[in-house]
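The two complexes that follow have subunit A in common; it is paired with subunit B in the first and with subunit C in the second.
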Partner chain A sequence: MVYGFASLHPRVCFLYFALLLSFCMLFLHPLLLGATLAAVIGLNLSLDGGRALRRSIGGYMILALFIFIVNPLFSSRGATILFYVWDRAVTLESVVYGALFSVSMLCLLIAFTALNLVLNPGKLLLLLSPIAPQTAFAVTVTMRFVPLLTRRLKAIMTVQRAMGYFTDGMGRRRYAREAMETLHALVSWSLEEALQTAASMRSRGYGIGRRSSADEQTMDGRDWLVCWVLLVVGGNSLIGRLMGVHAYEVYPRLEPLGESPLGWLHLASYLAFLALPLIMNEKERLHWRHIRSNM
Partner chain B sequence: MIKGRTGWAVYALCFAAAGAVLLATMWRRELYLPLSLLMVFLAMLPFFIRFERRRLRAEELLLIAMLGAIAAVSRIPFAPLPSVQPVSFVVIMAALVFGAETGFLVGAIAAIVSNLFLGQGPWTPWQMFSWGMIGFTAGLLRNTRFMGSLWGKNLFGLVWGFLFGWIMNLWGLLGFVETLNWQVVFASYAASFAFDLTHGLSNVFFLTLFSGIWLKILGRVKLKYGLLEH
Partner chain C sequence: MASYQIEHVNFRYPGSEELRLKDVSLSIEEGEFVLLCGPSGSGKTTLLRQLKREAAPEGRLEGSIRYDGEPLDSLPPRRSAEEIGMVFQDPDSQIVMSTVWQELAFALENLGYPAAAIQRRLGELVPFFGMEGWLHREVHELSGGQKQLLNLASVMSLRPKTLLLDEPTAQLDPVAAREFIGLLSRLNEELGLTIVISEHRFEDLFPLASRVVLLRDGRIACNATPREAALRIGGEGSMEALRFLPSIARMFAQTEANGKSVMAFEPEGMNPQSTFAALSSPARNSPAADVPQASYAEQEGTRFSGEDAPTAKGRAASVPLTVREGKAWLRGSQDRLATQLAFAGTAAASGLSGTASAAAGNVASSVAGTAAASGISGTASAAAGNVASSVAGTAAASGSSGTAGTAAGSSKSNAPSSPDAPALLECRELVFAYGKDEALVLNRLSLEVEQGQWMALFGSNGAGKSTLLQCIAGALEPQRGAISLGGEKLGRRKLQGGSEARSRIGYVAQNPLLYFTRDTVGSQLEDRLRRLGLERSASPLAELEELLELGGLQDRHPYDISGGQQQKLALLLVLLGQPELLLLDEPTKGLDPESKHRLAGLLENIRSKGTTLLMVSHDVEFAAAYTDRCGLLFDGQMAGLQSTRDFMKDNYYYTTAVRRAAGELLPELLTLKDLGYD
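On to the complex of A and B.
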């Protein structure tokens, strides 16, 4: 069921994720990074119980680990030397930097997992169609072809298997050759048919006038409210960051994690930004629990 | 088709914006990743603006969509063979028959659509760009003697196998490595060498064995329906 944050207008969701992804790329302050990581994991949990995240987290961890290891190996900046590897100094600062970078990459990847849950292909196309109608149309048609072609590929491969062309234990080269035969059959079958579809589209009046795009969802009061809140807290965090608030300096020595009064303000607005979708989702869930318990 | 002054204004604007982005990277090291993403968008923008402005026949649009879909699903029969995928091959073939613009669109749309099914990530724009550029460059070279010969096509496929991997490595390098020197770049390219080599060699394999028949199939469709002739 779509509720809470995911039920907002796609444009508002898009604005949120555009801001969130840029924060993932911009913030390197340990405190803010930690908050971001917790928030994006929480967002995934509140969206689908973390199912999508669990499928992909393994690959993400490998990437993050790679980033974590690469930095201290190639950078000897920093004042606190921990030990030497092949006559190269490994410093505390470069290890911390690598760790911060790898957390920031994790945040980015996990935020994308949440984005894929909220902005499904339909919503993304809805966003694209007013800006680039022809491209959105081409992408829609292509998307419609993918399941069709997948079914056809399976049918063709079944035939090939029945005729004994695909056998167990055939070599890579022979397999690749045979799989290409599958594609040939698919191409000659489908290209011809696509052109017939086109003729049929034209006979129904494709291309006569301007393409109109229907948007069944309009921005309602709640969407505007969230939009304004996002602009205030998100804009504040973004501008603050670009002006140098919470710009964490690792070199030459780790900067102590002190907060200036303005830093607190910045932190508060960023935390509000992160918490917004979580609050919306949990509010709906509690509301539903309440209704159910009164039934 | 963008005509006359507006067209040039759009391209000039893209160039100016790209220049501004480049200058900005000089001052702000921590902005490399967002700015590089912006750069990739700017690089693809003129193609899409041109596509939007074109009045396409239904056949042409359907052909681009179908080729994109074929490129996107062409991985499926090869699923048991790790890191062998004919997507680049299909894009090259489409570009050789239908030209540079169509080549770009087929590559970019194949990337968008396969990511719509597999999930978007920070790699999506880079993939769109890389496959789009494979198609674009193949289309630009299609009437040269170099691309006419099998050796030329194979060299093209091999080189793009590596270039593709190198471009795809960039988003990790630009965003998440602190000292961007040649050692780091070489290390990351060495780490992806096996994958890039497989990609390049499978391109060579497909181009050697199957480019003839694909050119024939696609050329026949083009001739029969008189499509995308410029």
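On to the complex of A and C.
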């Protein structure tokens, strides 16, 4: 995705996800948790139509279910006893706590799925390069080796097949022995190539001074705007939570869900925070749809 | 101001007493385009690498190398990195980063340029190299030609004043190579960049270069403008040197040297005989070629034309280097060449010895032709093997197709005749794609190769040449279609168990390094014998080792022997299996003309022992000179499968330079062999 939220400067995206992930962990208030869950699912849907989420949601659900079931079985805290299992009291509070905790977990995992979509490895590198150019460089060089070695391996195996060393019906032991030969050839070949790479790097001035980074993408006006909005609404939510607003207590007895005037303000700013990427993406989508229908 | 002043440089590698560079003195002026040529191991790369401090090999250097008046050693590192750029041979191993954009910025980042300055430079660089379309691609998605272009661009991002290139197009296909070389000429002409390039693909470079330096055994054997070099080498008459000329220039030089006759092109009032002697004598007398350095300074301005210079230069101006110039020259000497062409053909056909020269009348002067006809090689400058060429001439004269001689030296016509010979290999309607959603590489391709033939397949990059060979070799499995060898259908890989039929096919890949899994040549060979279940004494190892000149390498690491030896070792490993059909993937890639010639002799020899050869190649000149049949792979299918002569004659682009020049003037002239030149 090249437009909308994902097109923001990686630093802004990073700030957003840092806040979002900490909120997932901080909030236990059912209302806020419900909103978070809806928002992170919505974010995934608007990013790639939920394709990445669909692949992993099964595992997440199992984990959440596990927490939901196990918590009341192991924790007997709380005043309202529902029934007994193996002489242990199952309380309403621990059931609710298990539910809230599993939803919180679910939010965290789904938020991570969205993070992977927005901050792909290239962008993470962009984030890293101004701070640690050497590390970023090492990572880039290493990343090139994965497809490179795969291709070399394939080339060697092609030759070995043609020589009749690899056949489909060969035994496991023989296969392992042949694979060792392949690896041996791969390592020698790669070392040989590495010597040439080194000469080429030296020729282009590698190692004569401190490296700079060409990847210094500057933050544009929109980035700053979003950044400020994030700082206001996100900061408000964070400070509010630290000051005790929406600090929901399950034990010893479920707290009623009453809202104070301050609570409403806090809720509003948190909802604004959650809605921000969705609004950005949808605005862009509508814009394109509008253009298309006008053509 | 001279870019480089190299004075009396000797160089030896550590642990070796042998001098790799012997008393090399060379001055390279700013803005020159210097072509270094010479056989492999002549010290081209060694010399070139001495000119770039960061790439200079370990070893002992005597003499001095000055860059811009300063000793190269005392150049500040930053200046050395920025002003002297170097591009190496292998496109892949030079690349460091994973995307094109990152690679372009790499050099600038090393020197600490700020991001804005990098952006600015790249903004200028990228359009110059036409890289807009693939700026954000991953490096591994690029073709070899694009990769090498990227390497050049990355070096150019530092705005160097001197560009050193070590066989940059050796791994590229001809189209990509020509594009690359065209770019070099632009850099030289538009930016005044000094270029020093070592290369075997001199057909394209000769006309562009302002100076040609021929190295032999670590010495400078010739150092002159391209046209003068052509004359001098032609006059010297040594076959090894002649092979380093573009075929058009070589045709001129050899015809000149043989005929020693006045041509229509001759500037008037000049005695060619004496001029020629004057020209060729210095080179002959001192192979070290102490070509007067001073003459370079004065001829700077008139490098190409040399009109105002005395006779020698005037004569040099008439040397044709390109097809266009070749055409003009051919028109002037058409009659003479026509008789020589007919003579080379008929003399060989009738098998006459000495008397042939009498019958030939006015062309008796063509010594090479006579030698070829009479079979007394050695007396003339032509080397052994020209009998085969005269047989090719016969074939052309008698009109029969595709019957070049089998082995060098055997003039009896034992070549297979095409119509009756049984097909050894038969591919029927092969279909192959690398993935479900990917384009078909082979699309119902059918092919027959007859017993004892040497067939060449051409095709652009990605036309499926290598894929076809790998399918035949059994490394890939076509989705549809059948391959049969000698009437026996080759089964699917998993069914064949001992892979009997497949072992009758040998496959030599482009890169010999893929074959080396052991630490010494000896154990590599042992391993191969063991796998084949052969006893050393019962195997053809000794015989093959002798044939391929690979004796005495038992204890060396396969990576430490020369590139040519590596290739021959891979060939040896394959040949130990005694294949009936040998598949060769670009066997001439990166070889110098001398090695190519020897490889051709070797392959002829292998063929004469009953092995059928199928090669894919880009090397039109090589295929035209040695193969029986040629075909063109296009769009996954075989387009045109004809005898080599018909194929080359039918083609407009894909044919030899000599053919392109001779064209309708001398329709039977395809290669220099047709004129009796080896």
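The criterion applied here is as follows: the second predicted complex is superposed on the first by the 241 of 295 C-alpha atoms of A that agree within 3 Å, B and C clash if a C-alpha of one lies under 4 Å from a C-alpha of the other, contacts with A are read in each partner's own complex, and residues count from 1 in each chain.
Throughout what follows, a residue touches a chain if its C-beta (ideal position, glycine included) is under 8 Å from a C-beta of that chain, and two chains touch if they have at least 3 such contacts.
Just so we're clear, the structure is a prediction, and the values are computed from it rather than from any experiment.
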item	value
Subunit B versus subunit C as contact partner of A:M201, first or second or both or neither	both
First, second, both or neither for A:V70, with subunit B first and subunit C second	first
First (subunit B), second (subunit C), both or neither touched by A:S212	second
Touched partner set for A:A176, first subunit B, second subunit C, both or neither	first
Which of subunit B and subunit C A:L115 touches, first, second, both or neither	first
Most subunit A residues touched (candidates subunit B, subunit C)	B
Which of subunit B and subunit C A:F101 touches, first, second, both or neither	first
Which superposed partner A:S188 touches (first subunit B, second subunit C, both, neither)	both
Partner chain(s) touched by A:Y165 [first = subunit B, second = subunit C, both, neither]	second
Overlap of the subunit B and subunit C footprints on subunit A, listed as residue numbers	141, 143, 182, 184, 188, 192, 194, 197, 199, 201-202, 206-207
Footprint of subunit A on subunit C - complex, ascending	52, 54-55, 77-78, 81-82, 85-86, 88, 90, 92-98, 102, 105-115, 118-119, 122, 138-140, 151, 154-155, 158, 470, 473-476, 493-494, 496-497, 499, 502-503, 507, 509, 511, 513-518, 531, 559, 573-574, 577
Complex contact set, residues of subunit A against subunit B	22, 25-26, 28, 52, 56, 63, 66-67, 70-71, 74-75, 77, 94, 97-98, 101-102, 104-105, 108-109, 112-113, 115-116, 121, 124, 132-135, 137-139, 141-143, 145-146, 149-150, 153, 157, 172-173, 175-177, 179-180, 182-184, 186-188, 190-192, 194-195, 197-199, 201-202, 206-207, 247
Subunit A-touching residues of subunit B, taken from the complex the two chains share	30-31, 33-34, 48, 51-52, 54-59, 61-70, 72-74, 76-78, 80-81, 84, 86, 90, 105, 109-110, 112-113, 116-117, 119-122, 172, 175-179, 181, 183-184, 187-188, 191, 202, 205-206, 209-210, 213-214, 217-218, 221, 225
Complex contacts: residues of subunit A adjacent to subunit C	140-141, 143-144, 147-148, 151, 155-156, 158-159, 161-165, 167-169, 181-182, 184-185, 188-189, 192-194, 196-197, 199-216
